[in-house]
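Each of the next two complexes has chain A plus one more chain, namely chain B in the first and chain C in the second.
This part shows the complex of A and B:
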């Protein structure tokens, strides 16, 4: 029962060159996984010189993330000054105001591309994070194609430059729709799928929900199990998250 | 790895504080222990010493005590550097851990057939006016200003207070069952003795006095005839620009109340994406200003997937539901069924500046009108089981609140 996210890290494995999709619902937010990955990507692993994160924020302002990550032991403001953390605030500057509705996302893609190409010269491993795809859909006035185009462009970009892409979406939005194209395509793109759900018995103060991590693995042939599925429960705290197998909580 | 970073020490401090909190032994700044009644929630305390221990949940946060924290009436410091304003219903404030947090979007799912959301909306608006906070009210009626005449007036604090306390408090003895009911009592009297009232109790049968309505910054918008949301958006933007959070100090706090946002009278109801993008920008605007917006909407009028999108948009999500008049089964199951006017469900509590979700003891509360005047929220209590009806296993088996809410979830 370790604070650092042992079970989750074990299930995720190496995140470089991977596409990760987080899915959550109204009752249980998966934002804490996003915070965990953000912290992990910014804290320096021994083998690489430096990592960088491009964070596209639709849901919360910088102050929100800054405060949370500080609790986790990572100073976003300092990382931003060191040019390792790039925060693209999409809350206020509505991408589509007055102009053609696709301008916003194209401009956003342009920003991401510029940042990554600037960083690529230093041989960095860049992580692109998008905190709420459903709000991106709202920004695109409901045009699923526009969002999908954006995601495909991003996917191509990151696979060319060896980055990774982390995105969050709300699964329950699409559960009632007849043609959930967006979420299906996103799941197809993703190498790792993380789903946060409440317990079937409802919310409890000891167990905040359960995570299912579906890791497709890197296709290098000699490993037999390509699809690794892990399932565990979690309890979110200010300075970390406890992960444990169902029933093993003392 | 952690100990090698400069944050290692901070983590240690934080853990130590967390431990101190767990032991439930608040101390004041000089280290003396304060005697606190056992089951009282420290969140609602008005006393300065208590708020000092409460706001300093992390070693990073500033000590707000130095800057006199209660200079603006109706504001209260919460954890993680957030501020609370009152919802106008003391019980709801308590449930939400202090009130509505500043900068949050509160959404209330209406019962399509009953006006219970109006009770929440009225209390919210009245409380703001009593605290002298500017208000923007939008409604699908022709004359939104008329609604102001129906706002409730705060109960007279002193003389009424003693009379509205439960009569059996004076008696030396009482039958103590369902102990939880009595836990709050000490707490409440403590709150009232505070220097100023963070939250008033509203007398729903007495209209708000003219003095509160006149000369205040009250903006009313009718959303009935507007073909799109641009007007409403602009009104909200200009209203919120007064409260922008650019500098650290808070001079005033604004409240926005939007009633029945997707009501069919409005011409824009078929523009689902426009409504969503309005909510999105409202949320962003409120987030960056010292204001709270309450939006009520009937979810049954929206497509299911859009209804969930709206719910995701909310920082705090509540729903109200009327209870049927003659539901014999429910009547047998719950005490005080006769006094109940409806049920309030808390789906989500704002998680601004924190990743820890708020897990409530119960998510369903009964709305009651005390003496037909004051709105109170209570946990559902199971009725004592009649000996004659002891045969039914279901009623006797579940005695925890949480298992019951499952049956009553909507």
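This part shows the complex of A and C:
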């Protein structure tokens, strides 16, 4: 039985230069995976470069994440003061909304790019996190194309500055809609897809759901990672999440 | 067969014909299309740099990956910088809508300090399809010059293009490229499930070859992989069926297929093994739906295999007896005798039909010292 994300980290592997998509549904939220990756990205890596996170929040205010991460043993306010955590609160500040046809997404991209280019000079490894895409779509007045344009520009940052992109979206809000959907576009964009689902067999008191991690391998000459699909179950606790293989919980 | 496709692109267009066009498409259940695109790209680039192809240059329109990615990809496939002189990349990836330029102009952002591939020419408004077309053609002309020498065109994502422009303008662009006299061959890639069926059909109509990548074993419920079929989902990351449908000039359509394997060493194509029954599945899928049965069931096949044909050895332990004309009549009488002892009461021997055949070869044996061809008048 694993505590502290051993199975999850093993399935995710190295996240630099990768796009990670978290898919959840009403029954099972994947927010805890987002928190886990946030904590992991901020914790000091073994090598010399220090990590930084640009967090684009459409869903919750800073205090919400601060409270959760504190329980996980990570002080977001301190990280923010150290210029390692950049919180872009999209609930409070939508500067150009209503004025431009881009609903402020170009300005948001500009902010992210500016932050990354400032950090890149200090040789930082930056993670961009978006919580969540469905609310960004709302902010874009329902324009899927605008959201995709924004994600494309974020993708260009990956290839240029080596950062990684983590985004959360809800699968079930797209169910039943005519193709092509935003979620499918995002699945194509993603290198790693993490899907949180309830158990197929129904509710259980000590298993809260299951995670499926599809990790597309990278094949670039000498170093490459294998394609891997892993599946395990989890139980969300007060101060962390327990991950275990199906059937291993007694 | 992938080789066949690459050869068709290499050989290019005949005088007075449109350029051969290849569509590569995949879907989320078997997302290997981009690897196939990369394979075709590197094969054609190798041919072009070796001077083996009709075209003398290649214009790559990069929508979904950075130019640097392609430079590295071709480098890994053994094309160094000097060989890549014959390839021009039109960068529609870095700044397709001019956001960056706008941000730099208004001073709110500066360009990233990291190395960006400089050799590519950047397109900052992909919505303007006419300009896109003219920049593709002018890049090609820059490579090979104006005149009879031709070049090839590769487009890495028709999805991205059709997201920014209408279907009619995208199909107009593709069609104009095909008609362009200087273009020897053209190929593009798209995800079939990201666009409507009619869009996919329009794009396929404009191509002379369609290569589609499908899962080796399709999901039974027609649904995308869920947690129950993990191994299947994992398998579909590395393996797939490579279907090629090509249209001949006379209208004949030929369908072929292979298996794709993607691994550490790259992509490989193998002809399907008949043992695992995949070929039968394909054959069944390709056959027209008719009311009578064209396929044999497993039992019918076994029954057919058991039928002993009259000219075959029976293999039941008895000495093999083939009449060679040299047996005497006595032998045949002796042969018939046991039958009569087994059934002594039956007296219907006379009612049996019998053909007695004497070979006539014995009357005229060839003389050993005589040349059989000596009467030939040469």
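Definition applied: the second predicted complex is superposed on the first by the 235 of 250 C-alpha atoms of A that agree within 3 Å, B and C clash if a C-alpha of one lies under 4 Å from a C-alpha of the other, contacts with A are read in each partner's own complex, and residues count from 1 in each chain.
Here is the rule we use: a contact is a pair of C-beta atoms (placed from the backbone, for glycine too) under 8 Å apart; a residue touches a chain by one contact, two chains touch by 3 or more.
Computed from a predicted structure; not experimentally measured.
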item	value
Partner chain in contact with A:78 - chain B first, chain C second, else both or neither	neither
Which superposed partner A:116 touches (first chain B, second chain C, both, neither)	second
Partner chain(s) touched by A:228 [first = chain B, second = chain C, both, neither]	second
Which superposed partner A:27 touches (first chain B, second chain C, both, neither)	first
Which superposed partner A:64 touches (first chain B, second chain C, both, neither)	first
Intersection of the chain A residues that touch chain B with those that touch chain C	none
Residues on chain C engaged by chain A in the complex (per definition of touch)	28, 31, 65-66, 68-69, 72, 76, 93-97, 99-100, 102-103, 108-114, 116, 160, 163, 191, 193-196, 226-228, 230-231, 233-234, 237-238, 262-264, 266
Contact set on chain A toward chain C in their complex	106-107, 109-110, 113-114, 116-117, 120-121, 145, 148-149, 152-153, 156-157, 159-162, 179-180, 184-185, 187-188, 195, 197, 200, 210, 212, 214, 216-217, 219-221, 224, 226-231
Complex interface listing, chain B residues touching chain A	1-2, 5, 7-8, 10-11, 14-15, 18, 57-58, 60, 80-81, 272-274, 276-277, 280-281, 284-285, 287-288, 303-305, 308-309, 311-312, 317, 347-348, 351-357, 359, 363, 402, 405-406
Residue numbers on chain A that touch chain B, as the complex places them	4, 26-29, 31-32, 35, 43, 60-61, 63-64, 67-68, 70-71, 73-75, 91-92, 94, 134-135, 138-139, 141-142, 170, 172-177, 202-205, 208, 236-239
